[in-house]
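Naming follows writing order (A, B, C, D and E), and every chain is counted from residue 1.
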Amino acid sequence: GGGGQIGDTGGSGDGKRMVLIPGAAAEPFYISMECGFREAAGAKGYAVDVQAPAKFDSTLQTPIVTGVLANKPGAVLIAPTDDKAMAGPMKQLKDAGIKVVEVDTKLEDTSVAVSTVSSDNEQGGRLAAQTLAQLVGDKSGSVLVLNTKAGTSTTDARAKGFEDEVVKHPNLRYVGQQYTDNEPDQAASKLTATLAANADLIGVFATNLNTGEGASTGLRNAGRTGSVNLVGFDASPKQVEDLRAGVVQALIAQDPATIGRTGAEQAIAALEGGDVKRDIETNLVAITQADLQAKEKYFYKQKC
Amino acid sequence: MTPDVRERTLAQRLLGANTLWIALVLLVLVAVFGALRPDAVLTTFTLQTTLVETAVLLVLSVGMTYVIITSGIDLSVGSVLVFSGVTSAMTMNSLHGGDATGAGWGTVLIGLVVALVSGAAWGLLNGLLVARTGIPALIVTLGTFGAALGAGQLISNGSNVSGVPAVLSDNLGTGTWFGVPNLVILAALVTAVGALVLGTTRFGRHTYAIGSNEEAARRVGIGVTGHLVKVYLLAGTLAGLAGFMALAYFRVASITGHDTDNLNAIAGVVLGGTSLFGGTGSVVGTVLGVFIPAVLRKGFVIVGVNVYWQPIAVAVVLVAAVWFDQSRRRARNRR
Amino acid sequence: MADPLLDARDLVKRYGGVEALRGASFTANAGEVVSLIGDNGAGKSTLVKCLSGVEQPDSGTVVFDGAEVALPTPTAARALGIETVYQDLAVAPDLDPAANLFLGRELRKPGLLGRLGVLDKKEMRRRAAASFRDLGVALQSVDVPIGALSGGQRQSVAVARSVVWASRLVFMDEPTAALGVVQRERVLDVIRRVRDQGMAVVLISHNMPEVLAVSDRVEVLRLGRRVARFRAADTTVEELVGAMTGALSQEDA
Amino acid sequence: MTPDVRERTLAQRLLGANTLWIALVLLVLVAVFGALRPDAVLTTFTLQTTLVETAVLLVLSVGMTYVIITSGIDLSVGSVLVFSGVTSAMTMNSLHGGDATGAGWGTVLIGLVVALVSGAAWGLLNGLLVARTGIPALIVTLGTFGAALGAGQLISNGSNVSGVPAVLSDNLGTGTWFGVPNLVILAALVTAVGALVLGTTRFGRHTYAIGSNEEAARRVGIGVTGHLVKVYLLAGTLAGLAGFMALAYFRVASITGHDTDNLNAIAGVVLGGTSLFGGTGSVVGTVLGVFIPAVLRKGFVIVGVNVYWQPIAVAVVLVAAVWFDQSRRRARNRR
Amino acid sequence: MADPLLDARDLVKRYGGVEALRGASFTANAGEVVSLIGDNGAGKSTLVKCLSGVEQPDSGTVVFDGAEVALPTPTAARALGIETVYQDLAVAPDLDPAANLFLGRELRKPGLLGRLGVLDKKEMRRRAAASFRDLGVALQSVDVPIGALSGGQRQSVAVARSVVWASRLVFMDEPTAALGVVQRERVLDVIRRVRDQGMAVVLISHNMPEVLAVSDRVEVLRLGRRVARFRAADTTVEELVGAMTGALSQEDA
């Protein structure tokens, strides 16, 4: 007779407060998202708070969700770090009457959030492959994917999209992906090792910031900057600078500020009884040196 | 010449207990956070979630306590947890046509056995290598740390495994019993048994003896090799159980996010007064040592400390807690 | 004379470039105290370690009770009824004296609990206290770790442990080195008592009067080899010192 | 009675050297990979890149060797590296109007000093806490591990700092001298000095003595507290230097990606024959111990081992290498 | 009689609930060998530790050379010219004998290298070999770690270390316990020589004949208190044993 579920004991909270729980602290992507969020929520007179896990990791994000839950805000914007593992904690948010809006990433279980604002990572990977194929033209050679850690859903999706697309280009020989533990020095080392084994390497897709930085370091050490086309993901200031300097040939950028802004708007709509759209997709763009100026608005920010 | 043999009184024992002061630190922490945000901290909900989020780590740390008391170390626990979760989830899925979400207790039981056996296998490997070859435990378990994770990725083809039976996650994962989360009850049981075995049995005594002076233990005829194998086997099996618990709680066998479980477990054990050089320590201390960082992190989130300040604050309190504990203990010895 | 209980022949033991034993032989008979003496570094402790299974000799044979035996581990030696007080004591410094006395042979509670491995700490403490009283050891407190005891107290624990458990042979490597006058007498009494029970006692000591007082026979080791054997009744301190320093040596030792 | 004192011959010393067998392991590894892919492995390019990619870790490991010989441990090195890189890069930037890319040697020199001082400060903190308070080194440095990273994030507001002077990255970062990368030359210098100081000086001798028996060292009048502070200070300063080197190499001060530097450094040191219990070890061993995993990782990518098998293969070779080393050494002692 | 070199009064030292010293006093004069004797656990080693800066007494005063001194660290004691052979030897087991002999006082190479801290290992080894020869210690190899030496060899290293460096007072806590007959004589010779150089030597030993042979005075500790003082020439083994066991006690000790 003593059975029950965690969180059965509820209460009511502060409806004029919103919390953003990004996937990780300190990433320009999430900082840009935070900027959009603060701007939109602040404009409507909401108190805002941001609680980020130190790393993109569901075991670190879970205690934050429950900690935030203890404070009972009106709405929570969250980038779930795992599409299943975060379902439990996020469901608790919902059960406590908090409006949940997913930003950037989403749960497999679509019944938890009132709205999802995201860009499609797999689509981004495909875009990367297309961009690389354009950069290479009709030259042929090997291409490599530098991924982070096995099991990281976002970067795995990017790699998968790339893989699906790259095989459609017969002049590009896909040599597979290497995991780097998200450490720049491993990325550099694995890149130079691949170069040693495949002298005809002409393209590299680095699935996030750290792998991109490691890859450019590796290429620089090998003296192959420029001759091997490096496509990065995201557009943090350093990456943009590298693109400008010709270290990186293309970047696949998301639009985090819009995600944050739209997420806040959806949350407010849900709280105030407005119109809530269940799924919103934001743009992904490929930036190359040629259209650098034109796409300035997609650059990520270090601070608001 | 008559032996002047006195036993210590209960009060002396309690005051002398290595765990008293660190327990005090924990109490103070809770009191401080409670005073800052009584509405959010001192609630059943916060208590429940703090306990449940620490349950998995606690189970890992109980095994780690044994290992460290033998003056060994086990860096592999986090990876073994991942491996066991993956094998368990995949077995359950394959028994139930690829998705075990709707599976029954029978499947869950098989999953549990698979998790335990997977963990035990890695533990056995660790134990055999450490006990028989003279390779430092750090190297052996650093090896299995990488290998178990790699094996888990290999089996799951690099992605998280879902399809955890709902009966498992609803009951063990998030269920409660008179308000106490079932996961916490399980962890408490494991901890209690671990503490009793260590404190009152021959097995526990030999664990201390080996850590205190391995050569002496060998010379008095303790089967040091066999005992060490058993200790690592225990740590591995508990890591397997922890993997199963994580499966129930997170509803997915995640292959990321357990890189620092080993350091967290070690820190909890050492914080609880167990010496890295072996020979002394207790499971009760470990419990306290595991909860201090957990309470801190939780408290800081609730109180709303800036994310970048959080690790700094945790570090300061951690070091201060041990400092306090150490100087209290020293004062007691000087008394 | 009856067959010796223990007969070791031509043991050789090298550590890297150091030759600790260079063909050492040694004999012990049941019901007799035999002293093993020799200069510092002569190889006495190494010999004891080889005969109690702690170290493996590089060559040589060991005959125990008429049969050639191998002693791959200390447990093998203990199974034959051989107990040892090591010079370096080999105690667990973090455990208390009672725990050390019963180490490896803990008493368990009666009944189910015992079968589950639960220790009978009270009984062990009681018996330990009795053993210590027997050896004249005074302890101010029984539950301090042994690492905090005085040198002599620690040595008494090691001695107590060996005589409690031995059934055939006891090696005692300098058991009285750190003992007070009274405790030393007690240990010598214990040695005689053990001998009278029919066991063999091998005593290593640098104290010649003590050696002559307690032993039946004396064997002398020098530079890793046996160089002389004496009946204690027929020899003198001078003769023993002469044998140890190489001034005197016997052909057939 | 005349003392029979012999010195060992050179050959005996060499054969007896603890590092001989692990050096052999490294040679065998290179030979095997070389035989499998001679065109890709035995090239100047692969040699250069392997060396340069290991340079930073090597500098961390030299400091770690000292710490472990005192029977301590330093988990904070990776975070201190991050912190030093951040402070150094930000100082250079602020001296040059927000972007130091075009800055000259003067600015670089100031950046170097800032990196060293930042590292030294954390090292000093570690040292003082370990030496004066009796808090286990594991806890202290686990604390500073979190705190230094948090402080780095706080200062940089959580993001990577770019704007590294081109003269720095072009010269130290990617420059070579007669084909040898400058970064490697710097690391080799640090290593050589580290090895000489440890092996031939009073400071080195005291380091061993403290690790071998701290109480004995204290009783013979060695200033144990001061010495320990210096050792952690050294490790911190070298971590600062490593941070500066990483800055030159990556052209950015990264915040993430150094979580496992500590374990990597410890593994290298232990693989090289230094005991975690202190008192024995050598810098030469550490060099070998650091290169074995580096060569393995590189070799497996070149040879084309499946990504999921790579960590498993690394683990197996790692454990096997130490096993071989151990049993060889034991055989030598039995000889 | 001149003022004593060292005069300790009413030292109390507690470890948790154990009272190791309960108001112990002790006196040593320059140019004299004074033996400190007592049962196991009487507090001798504790007293030595308190007087050599290793432990801090809970109360009591220490007067050295006419002035009250505090001995917060071993370094403070060494600065006063006090050296100690500890019962637990306090050597670094991983270092070789020469390194242990010179530990904390390493010789450096002449010139710049020396100023950089570079050790003169050869010279240290040479001098160490000479010291060991002096004490009659035979070592098969000088570069094995001291942990691999025989018990007696290790003890000789500790003794050598103390007499090389002392200038005013040497405490020797059971320095001969593990020594062979010859080495023991050498150490006793060294003790006399040191005394004749005008230093004070404090000898702790359980070997009464040895105590009477080498000392000028004897002080007896019992249950943490000084219970008797004798001139060695005027006393007997029986009297000493009586004092140690409590059969005999002096009013004004």
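In this text, contacts are C-beta pairs under 8 Å (C-beta built on N, C-alpha and C of every residue); 3 or more make two chains touch, one makes a residue touch a chain.
From a predicted model like this one, the values you see are computed outputs, not experimental measurements.
Here the chain-to-chain distance from subunit A to subunit E, counted in touching steps, is 2. Chain centre most remote from that of subunit D: C (centre = mean of CA atoms). Placing every chain at the mean of its C-alpha atoms, the farthest one from subunit B is found to be E. In terms of their C-alpha centroids, the spacing between subunit A and subunit C amounts to 71 Å.
Between subunit A and subunit B the centroid-to-centroid distance comes to 32 Å (mean Cα coordinates, whole Å). Distance from the subunit D centre to the subunit E centre is 43 Å, each centre being the mean of its Cα atoms. Residue positions of subunit D touching 2 or more other chains, listed in rising order: 1, 6, 8, 153, 158, 259-260, 307-308, 310. The residues of subunit E that reach two or more other chains are 15-17, 137-141, 182, 245, listed in rising order.
Shared interface positions of subunit A, i.e. residues touching 2 or more other chains, are given as 25-26, 150. Looking at the complex, you find that subunit B touches subunit D at residues 71, 75, 129, 133-136, 138-140, 142-147, 149-151, 153-154, 157-158, 259-260, 263, 266-267, 270-271, 275-277, 306-312, 314-316, 318-319, 322-323, 326-327, 330.
Interface residues of subunit D, counted against subunit E in their complex, comprise 1-8, 197, 200-203, 205-206, 208-209, 211-213, 215-223, 279-280. By the touch criterion given at the top, residues 2-9, 25-26, 49-52, 54, 57-60, 62-64, 66-71, 81-82, 84-85, 87-88, 108, 149-153, 156 of subunit A touch subunit B in their complex.
Interface residues of subunit E facing subunit C in the complex, by the touch rule stated above, are 15-19, 38-42, 45, 87-88, 137-141, 144, 148-153, 156, 174, 177-184, 206-209, 241, 244-245. Residue ranges on subunit B touching subunit A, taken from their complex, read 40-41, 43-46, 48-49, 52-53, 153, 156, 158-160, 162, 169-170, 173-179, 181, 249-252, 254-258, 294, 297-298, 301-302, 304, 307-308, 310-311.
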